[in-house]
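In the two complexes below, chain A is the common chain; its partner is chain B in one and chain C in the other.
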Partner chain A sequence: MDLLLGAVVLGVLLGCFYAAVSVGLSVSFGLLDVPHVAHPAFLVLASYGVFQLNESYDIDPLLAGLAITPLFFVFGLLAYRVYYETFERRGSDAAVRGIAFFFGIAFIIEVLIILQFGVDQRSVSATYIGKSWRFGEFRIPIRQLVAFAVALALTVLLAVYLSKTFMGRAIRAVAQDEEALRLMGANPVRIKQFAFGIATAVLGIAGALLIIVAPVEPTLDRAYIGRTFCVVVMAGLGSISGTLIAAIILGVAESIVLTLFGASWAPAISFAMLLGVLAVRPQGLLGR
Partner chain B sequence: MKRRTFLGGAMAVAVVGHGSSALAQQPPIKIGMSMPQTGGLAGGGKASLLGIEIWRDDVNAKGGLLGRKVELVVYDDKSSASETPAIYAKLVDVDKVDLLFAPYATVPTAPIMPFVKQRGLLLMGNFSFQVNSKVGHDMWFNNAPWGPADSWAASFLDLAQKAGGKNMALLTADQEFAQNLALTARDVAKKRNIPIVFDQVYPPNTVEFSSIIRALKAAKPDIVYVASYPPDSAGILRAVNEIGIGDSVKIFGGGMVGLQFAAVMSNLGSLLNGVVNYNTWLPEKSMYFDGTKEFFDKYTKRAVEAKVDPLGYYLAPFGYAMGQMIEAAVGATKSLDQKGIAKYLRDNEHKTIVGSIAFSADGERKETATLQAQFRGVKDKDIEQFRSSGKQVILFPDKLKTGELITPFETARN
Partner chain C sequence: MNKRNHSIAFWAAVAVFLVAVLSMTQIVRNEYPFFAGYVILQFIALAVAWSILGGYAGYVNFGTNAFFGVGVYTAVALFKATGAPLVVQIAAAAVVGMTLGFGVGLLTLRMRGIFFSIATIALAIIIETFVMNWRFVGGAAGIQIQRPPVMAPFDSYVKMLFFVQAVLAVIAIAIARYVQTSRIGRGLQALRDDELAAECTGVPTLKLKLIACMISGALISAAGAPAAMYLQYADPSSAFNLSYSVSALAMALIGGTAHWIGPVLGAILLGSTQQLLAVTISSEVNVLVLGIMLVLFVVGAPKGIIGLLRPRYRLRAGGKQ
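Moving on to the complex of A and B:
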């Protein structure tokens, strides 16, 4: 019983972390329909930015994540513009060709990281990494609590931004009917570009959480492609609160399997859950 | 000025060239290999290649092999098993290399074994584990110090049993090398009547190990044998530190890859203390042989420039030793005949910078030289500390031993 309870608690923490690394994709892929397979590569790039600031200036990883957020916003604006000019405006098969474009970007990012940092693992130091809180016999890693709290705040903030602010509503509108928005005199491309910038900026913090939770290496993005897309599709495209719920379900399921049923089954869990949700509810848990 | 420099350079080349005209006249001896330069194994692959390159430069400075310059033909296999068969076919059929070195690690090497056997080619193995056990190629020679298959697990369990360990937990990565290691550990445990109270195989890309360590701790094992890969090794040790492993554990470690790499060791720092883990070369008194110090002097200088592991203990000197063995065999047989070289390698003991190497019939080392060492007094964020002796005390083998096991694990961690 203790083991099960512990697995659920650790699973919720892990799930919130999954939400943080997936929530940007929920905007770029879920709302904007951009086949952003480079999302995990952007995430790893952000982690290396955090690593550099932590290593060189001893800045706390979370503050470092905040510091690179504006840079990532600009990076997102540029990346979308290139994607739009090269693929999206040219026709209906943009999505298919766009996948190749983003795979290319992911590959370039990997190579650039290797050239700059080498292939070794990198990690950051902070007072909350490597310690745990005790509740009797039960211990919770503090880094996971930090990741949990920040991930929760990030997801809630993004959900509030998209539902309560003028620009947030514009982003939702462009996701629902781009043509109608154009007829109302708005420029959907600029709104989508801004939204893509937001989705990328979020990765500054998510990248910090990634390197707080575990060391990073240049090809780590490959490990997160499946998980992040699984969370976003299972959540229902574009649903931020759905992303949080789907990620927590995934985290708890993984944690229970790892603890009680044998670790080798864990990777099958995300895809089994994805298939299950799509079979029963094709639009996802909280789909549009 | 530029013209003068050019003329001076040209004259220098002419003078040097006169002394080594044989080198210039004959085509080079080409040694082909793939090596992980990207992907999960790249850290090791780059260090291993640098070791081989230092040997190439040394041997060429001495006049080459058979009076011919040595040239390396290297491709990146991206740490992928699916890349190596095509690369080795190209090396043999298109590049027409004279000799083959295997890539670093088990995963990329395993798929090329049937090819080299079918073609009757000599393959110098590079730190793979048990890739020849089913293939049975008689021209395979592994540079790694593993020795007989079960000696790795047996040496760890010897230490564990002496410390009072009576049951075992096994935590292994779902990956060929770790699984081979786990198989031998299960066999040795069975022969010694050591019950296995926890046996988990975790998948690659496992993000968080807290849940697994909680389950392991609940099994209350005396001995914890871990066979993991670098990203996992760090995750496992972090979780052990945070979740705890229990007072019952006498000894922890065994087969954790990554705890030999400078970046990982530096990242983990004091979390390493108490762990007993395998290793290949360590800067302890018993580990210096002819040329070892000179090799590391060169390696240390070149590693910074090449952005590879600044310590390079794990693989680089063994890459150099591969070259030394080929150098000795080609020198003794005075030819590049692969059968002749293989016979020489099998029949003789070879002096290298990592000690004497002799091969048994399966191409693995006759006698194990795999170290089991315990981390002691390691501080956080300090790579340089690992250059001095005493940070990794050698517990096995006896002839290289530099200290005794501190047990139980929780005591050894402080």
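Moving on to the complex of A and C:
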């Protein structure tokens, strides 16, 4: 019983971390309908950026993540511009070729990381990595607690941004009815581009969390395709609060399966849940 | 009459090709061309098979690796259990691949666009996880395969596999060619352009998609069946490697999916480039080239090589919009 309780607690921590890595996708795929399968590849790229800063200048990984955020914002602006010009504006089979496009980007990022850093696992150093807190029977690594707190803050911050600020509301408006916005004199493409920039910028911090939680390797993005899309689809496209709930469900499910059946079954959990959601309730938990 | 002439030309080319392949195995001493050629032929089969669902119907299947891996492991399991000969292994893999295609189709073909693509990635990972936990075929650690003695008229196993894969590629091409010109292909193209309109005008869309998914699945699994014999080894993470999915899709898109010749051209071009790069530089660089070519073609030449070669396809595509 204690074992199960421990699994649930760790699952909730893990879940908030999953929310942080998925929340950008919830904007780019959920709100903007961009089939962004390269999202996890950008995530891993951010981790390597954090690794590099930590390694050469001994900067705290979270600060390093914050430092690369503006760079990722610009990445996002550029990526959306290319996507818009080549696919969205031309219409027709944009989604189909868009997926192929982002898969190509993901593969290119993977190889560039391998060429630069090699295939070995990389990790960062910080004072809170390696220690853990004891609660009676079970221990919680402090790195997990740090990741949990930052992830929760990040997700809540983005949710507040999207619901309270002018720009945030404009982003949600463009997702709901682009044409109406255009008639009101706004430029929907500019708004979408900005939103995509935000969605990518968040990955700076999320990438820092990724490498804080566990060592990273270049092809790690493949495992996160399932997790991030599972969370976003289960949440209901574009729902930020749903993202948090769905991510916690995934985290707890993964943690329990890991405890009861062992690590070899864990990779399939997110994908099995994703398939289940797609088959049973495609609009997600809090679907629009 | 014109169509008939085309058919005669096609089968004549097939006969010439197979005779050439067979005589090459008898004449050439060096084994390396067969090692490299096998991989290119395998990619031709995969790209052509992928395009039956992905190209004609516009359903982007990212689960090529699932079907490929299932083919590999059907062959491995059958060989380990009964010592069945290669032909039986391939036939069994095709049947299992077809059954899997039917199941995948039922589960996912109502999903559109990216949901279908993600669902197929998901299936691949789930199946891979099952194979990893399947002790009989070696689990995650993989399994060594002892090749049986080679059959006449071949003097080495790799040469025989090269010929077998050539036959599989020809079968895939012939089926893709038949599907393209038949009612199935026209129905698939109609639903690709506008599924709702096709459904309304009486095209049995779900049935056609299921057929396409089964044919495509059977051909991909069959192409994967000899892989364990080729490598003398099988393990889940290479048999279910995502790069099979991306390669098949990239080759088909780069070649062009409006005609069966597109994926063949794409596979020959990209497959031989990759073989060359893997030998001369490194396997990482050939993945890089794959990614860059995929992005460039998707952005710059949406109709692929055949779109560039034959403006008629571009015109037709222009007319659609």
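As a convention for this text, the second predicted complex is superposed on the first by the 269 of 288 C-alpha atoms of A that agree within 3 Å, B and C clash if a C-alpha of one lies under 4 Å from a C-alpha of the other, contacts with A are read in each partner's own complex, and residues count from 1 in each chain.
The rule is simple: a contact is a pair of C-beta atoms (placed from the backbone, for glycine too) under 8 Å apart; a residue touches a chain by one contact, two chains touch by 3 or more.
Keep in mind that this is a model prediction, so the values were computed, not measured.
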item: Contacts of A:184 with chain B and chain C, given as first, second, both or neither; value: neither
item: Which superposed partner A:120 touches (first chain B, second chain C, both, neither); value: first
item: Which of chain B and chain C A:167 touches, first, second, both or neither; value: neither
item: Partner chain in contact with A:6 - chain B first, chain C second, else both or neither; value: first
item: Which of chain B and chain C A:153 touches, first, second, both or neither; value: neither
item: First (chain B), second (chain C), both or neither touched by A:258; value: first
item: Touched partner set for A:74, first chain B, second chain C, both or neither; value: neither
item: Contacts of A:213 with chain B and chain C, given as first, second, both or neither; value: first
item: Partner chain in contact with A:105 - chain B first, chain C second, else both or neither; value: second
item: Contact residues common to both interfaces of chain A (with chain B and with chain C); value: 110-111, 114, 264, 267
item: Touch list for chain A against partner chain B, complex; value: 3, 6-7, 10-11, 14, 17, 110-111, 114, 118-123, 125, 129-132, 139, 141-144, 213-215, 217-220, 223, 254-256, 258-260, 262-264, 266-267
item: Residues of chain C defined as touching chain A within the complex; value: 58, 60, 62, 107-108, 111, 113-115, 117-119, 121-123, 125-126, 128-130, 132-133, 140, 242-243, 246, 249-250, 253, 284-285, 287-288, 290-292, 294-295, 298-299, 302, 320-321
item: Chain B - residues contacting chain A, complex; value: 37-40, 42-43, 46, 174, 200-208, 210-212, 214-215, 218, 230-231, 234-235, 238-239, 241-244, 258, 261-264, 267, 271, 307-309, 380-381
item: Chain C-facing residues of chain A, complex; value: 29, 35, 37, 82, 86, 91-93, 95-97, 99-101, 103-108, 110-112, 114-115, 222, 225-226, 229, 233, 264-265, 267-268, 271-272, 274-275, 278-279, 282
